[in-house]
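Right, one structure below, let's go through it.
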Amino acid sequence: MNAARAAQLVWTRELAPGIFQQRLRLPQIARQSRAGQFVHLLPGAGHLFRRAFSVYATDPKAGTFDVLHQVLGEGTRGLSRLEPGAPVDTLGPLGKPFPKPPRGRRPVLVGGGLGMAPLRLWAVELLGSTRAKSSAETRPVMLLGSRSTQQAVAPYGLSALGVRPVWASDDGSHGFHGHVIALLEHEIARGKINPAQSVVYGCGPERMMAALAESCARHAMPCFVSLERSMPCGFGVCMGCVIRMKDGAGYTTFRRVCRDGPVFDASEIVF
Amino acid sequence: MAKSATKVDLKVTIAGVTFATPVWTASGTAGTGEEMETWTDVKRLGALVTKSVSLKPRSGHPYPRTCETASGMLNCIGLQNKGIDAFIAEELPRLAKMPTRAVVNIVGDSIEELVELAQRLSDVPGPDCLELNLSCPNVARGIDQGSDPKWVGECVAAVRKATRLPLIVKVTPNTNDIVSLARAAEGSGADAISAINTLVGMSVNHQSLKPRLSNITGGLSGPAIKPVALAAVFKIARAVTIPVVGIGGISTGLDAAEFIIAGASAVQVGTAIFRDPLAPIHAAEELAQYLKGRGLARVADLVGTIQV
Amino acid sequence: MAKSATKVDLKVTIAGVTFATPVWTASGTAGTGEEMETWTDVKRLGALVTKSVSLKPRSGHPYPRTCETASGMLNCIGLQNKGIDAFIAEELPRLAKMPTRAVVNIVGDSIEELVELAQRLSDVPGPDCLELNLSCPNVARGIDQGSDPKWVGECVAAVRKATRLPLIVKVTPNTNDIVSLARAAEGSGADAISAINTLVGMSVNHQSLKPRLSNITGGLSGPAIKPVALAAVFKIARAVTIPVVGIGGISTGLDAAEFIIAGASAVQVGTAIFRDPLAPIHAAEELAQYLKGRGLARVADLVGTIQV
Amino acid sequence: MNAARAAQLVWTRELAPGIFQQRLRLPQIARQSRAGQFVHLLPGAGHLFRRAFSVYATDPKAGTFDVLHQVLGEGTRGLSRLEPGAPVDTLGPLGKPFPKPPRGRRPVLVGGGLGMAPLRLWAVELLGSTRAKSSAETRPVMLLGSRSTQQAVAPYGLSALGVRPVWASDDGSHGFHGHVIALLEHEIARGKINPAQSVVYGCGPERMMAALAESCARHAMPCFVSLERSMPCGFGVCMGCVIRMKDGAGYTTFRRVCRDGPVFDASEIVF
C-alpha cells in the first residue's frame, strides 16, 4: 500500500520572479518517479486540496526530488513560502510516464514555459538509457519557448549532460523570435529535425499542445503530450480532470488526465 | 460519563450487515475501489460505496467539472460511469474480493431503471448493500423527482420488491422538507437513509464572464456544507426508526462523532478523500480514540446521544 | 470588450428608486443603522436594509445564538426586534435622516401581520422600500410557508395592495424550487426579488454533546453559501423580468461582480460586515475598479452578462 | 466616523505557558480606551471573524496599548504567532467602561484568570483619579484567583503603583487556598473589606461572576461585572452576544454584551 507521506523541504530557489525550484526529500518519490509523472503536494495544513507538479529532477541516492513552479494562486504561494525543513504532505508519484521513443526515432522535446519541467527529467532519463551509444542521432533535441529572457529558465543540470535547448521567445529577446511551434517548423524546414526519424514529446499550455499536435500530425510524427487539468484528487477517483478522446463513446468519451495520463498520444485526444 | 480504559469496538450493524467501522467512503469519491486499494488499506474502511452506476454507460459532462469554493468544491461530473453491464463484468469481481463491504450506489432516470439495476445486482456476488441515489443534482430531472416524497416512496417500494439486498436510500438536501423524503423511504421499506448529497451551487469567473463548470451549476460538497448535513441528519434521525448514514463535509473522527451524536449510525467521507485517501481510515482511528476518551465501548453507545 | 478610462457610475435604479451603489447591507447584519453610522460613512452604502421588524416586539432566542463554521457561521438570533411601534417611534426618524436609502425588512407570522406592517410603514417618512422576509428559517412556521409558491403569491398580493412602497421579496433557499417562489412573487406584484436568506444548519459540540445553538438549528451564512446563492440568483434572474438582489457570502467587489454577472442588479453584504463594517463600502469601490478595468460605464452594463 | 485600522504589533511576551502579553501601536486606541472596554482584533487575513480582548494597558504618549491573552484556539494562536511589525486589523475601543465608584465606596477588584486584564487598567485609572488624595481608604483592593502559581500572572506594572493583589489559587500553590470568591468572603469575615464601604468590580469566568454577584448581593455591596460572549461583530449589529436581563421583557429580555456591556450591574442580569 502506498500512502501520502511528509516530504521535507530541503531548499527553495527563486530562479526568476515568481518562479521557484524546490527540493524535497522523500526517498520513495526520488526512487520511483519517472519522467512525466507528477506529485500532488498539499501546500499547507489549512489547504483543502493538493496541487499537482511534474517531477523535475530526482536524486535517488540523496532521496530527493525537485519541482519547478510558478506562483499563480494561494497553493503555489503557500509552497513558495515554506521554510526549509517544513513537512510537505506528498502523494505520488502519480500518472503514467512518457513512453519510450519508437525504434529509429529521435526524441524531440518541445516545451512551453514551465512545461519544460517533465521534459527536463525525460531528457535525463533518455540520456541515461542511450548514453553508452549516445550519438548525434539519438541524443534528445530540446526546443523551449518562453515569453521573454526573464522567464526563460534553463533546464536544471542539462548543459552538463550536453543537452543545449534551442530557445524561442515571444518577444524575440531569447533565441528564435516567435512561438516554439514556429521554431519546430523552422527546424524541420532547415533540415535540423527529420520528421520521419523523430518522435515529439510536448508539455506546455493547452493551446500550444493543440498546435503541436496539429503540426506533428501534418508531418506524420508521433507526438506525446503531457496535459494539465484542475485535479481535485490526482489519483483517479473523482473523475474531475478529464480530457475528451477522439474515439471515445459513452463512458470512454472522457478519460482522466491524472491516471490515464497526464501523457497522451496527441492524435487520440480532442483539444 | 464514566471514563475508563475501554477497548473500543468500532463495528456497526446496519440492515443486518456488519461493517468493520462506521466510517465509509462516499459515492463518487472513491471510484469503484481500485485506486483506493493502491492508496489505502481498504480492509480498514467500513465500506466502499461505489460511484453511481446507471443502466447504460454515461459520458458525463465536459471539462471543467470541478472548482474550488470557500471550504468546499463544486462538481458536475454528470455521473460518468461504464453502465451496469461493464460494472458487473469488470468491477464487481474485484469488489467481491475486496476485504471490505461493498455498497453499490445506483442511479436511474426512471423507477423501471432503478428496479432493473437492483435486480441485476441481486443475482451476482459482490454487493453487500445497495444505495439508491435519489438525489444527484446534476441530472436534469434528478432534483424535482428526488424532492417529491410521493415519488421517493414509489421508487423505494418498487426497488424493495426487486431485491433482497439491504437498501440505503440517499435523499436530496435540495428541498424544504428532507424529513418527509426520509419518512417516505422508510415507509416503503428502506433499511437505512443516507444524507446528504451535494447542494446545488454555481461559481462564476469574473474575468471570462463564464461559469466555472461546464454544466453551469453543480453540486457543493466539503466542510462548507457540514452544518446543513448535520441539521438534516439530526432531523431525519428523530423522525425515522431505521439507521441514518451521515454524509457531508466529514473529514475527521470528530466530525464523524458529531454526526453520530446527532443521530447517525454510520458516516461517509467524500470530498476529504481527495485531499487524503486515508482520511476515512484516520477518521475511524480518531473516532475510536474519542470513544475511548469518553469511556464508550461501542459506536452504538454514542448514536443519538445529543442533549437537547 | 473595450477597455477605456471610463468614469464609472455605480448608481442603480430598482423599482423606481435610485441607489448610490448596488452594494447594500443585508437584513440582520447592520441593525437599524445606528452602529453603522459610528463605524462607516453610511452615505457610501447603496442602502441600509434594517433587521427584520415584526408587529409585536420579539425577545429572540437565548444565548448561544451564533457559532462559527467552515467559511461561515450559524445564527439563531430569532428575530429579536422592538416591534413596529417602537421601530417607528425610535428608529425611523433617524433612518429618515440617514444619508442613504432605507430598506425596511418586515417579517410576520401571518399575511395579516405583514399587511399591517406594510400599512404602518406606508404612512410615515423613512422607508424607501420594503423587503418582505418570507424566508427566515428560525421561526417555527417560517420555512414551510416560505417554500410554498402559493402562499408566497398570496402574501405578496396582499401586501402589494396595502402599500405603494416598492416591494422586494426575499425568498428562502430551503426549497427544491426557488424559481417558483420568485415567479409567484413576481406574478403577485413584487418589484424585485432578493435571494438568498440563510440555509438551515446545525453544529454539535462533541465535548458537551450539546448543539452549539440554543435553538438547536440556525441559519448558515457567509462565504460557505456563496455558490448556493449564485446558483439561486442565476436561475431566478433568467426566470423573472424584475430585478434580483443577490445575497449570500458576498465580501468583496469581485464577489459582487460575480452576482451581477449572474443576473443580480444589486447585492447585499451580510456576514462580512461582522468582520469589517466597511466591507460593503470597500466592495463598492472594488466593483467600480472592476467595471473600469472592463471599460464599463455603468453597473447595468454588467448585469446578466454571463456567457452560457 | 471611526473605522477599523491596522495596529502594528510592537512585541509579544509569553508570560506563562500559552499566556501572552502583546503590545500594539494604534494611537486612537491608546488615547480613547477606558478600563472595561475592549478591542476586536482580526488574527490574520485568513480569518473570517475577529476576537475580543480587554484593553490591558495603554500608553497614550507612545500610542500603544496592550492585550493579555491565552491561546485557546485558532484566533489566539494566530495572534500569538505574529511577528513584531505585523499589522493587526483593530476595531475599537468597543463597549462601555467600568462606572466610577459610588461616593464613599472603596473599589474591590475581583478577577479570575485573565479576567484580571481589564481590572488592571481599571486599577491604574482609579489610582490616577485618586492619586492626589490616595489613602488606604480609597486605594483599590485587588483579589485575584488562578488555578496555580504557574498560571498566576502579576498585573503589569501595578506593584510599582503600590497595588499588591491578594492571590487565591485552586491548588493552594499561590496565596489563599481556594476560590477567589472564598477569599473575598474571608477578607470580609476578617474585616479587611467592609461591605458597607466597598464596591466590587469583577471579571472572570461566568460561573465565578455568578458566584460573585450572589456574594455581593448577600453583603449588599454594589457589584459590576465584565462579561464575555462569543462576538461575531463586537459593535452591536448582529445581536449574537446577548445576556438575559432580570427586568427585561419582549425586546429587552436580552441585551448585547458588546454594546450595552460588557460591564453590567451584576444585580440586573440573569446568569
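Order of writing sets the labels: A, B, C and D. Residues in every chain begin at 1.
Going forward, a residue touches a chain if its C-beta (ideal position, glycine included) is under 8 Å from a C-beta of that chain, and two chains touch if they have at least 3 such contacts.
Nothing here was measured: the structure is a model prediction, and the numbers come from that model.
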Separation of mean Cα positions, chain D and chain C [Å, integer]: 37
Chain A and chain D, separation of their C-alpha mean positions in angstrom: 59
Distance from chain D to chain B - Cα centre to Cα centre, in angstrom: 48
Residues within chain B bordering two or more other chains: 71-72, 222-223
Touch-based graph of the chains, sorted into line, ring, star, complete or other: line
Every chain pair in contact, whichever chains are involved: A-B, B-C, C-D
Of chain C, residues touching chain B in the complex: 69-72, 74, 143-144, 147, 172, 174-177, 199-204, 206, 208-211, 216-217, 220, 222-228, 230-231, 234-235, 249, 254, 257-258, 261-262, 290, 305-308
Chain A-facing residues of chain B, complex: 28-31, 34-41, 51, 56-60, 62-68, 71-73, 75, 77, 80-83, 86, 222-223, 271, 273-278
Complex interface listing, chain D residues touching chain C: 1-4, 42, 47-50, 89, 91, 229-230, 232-244, 248-251, 253-254, 259
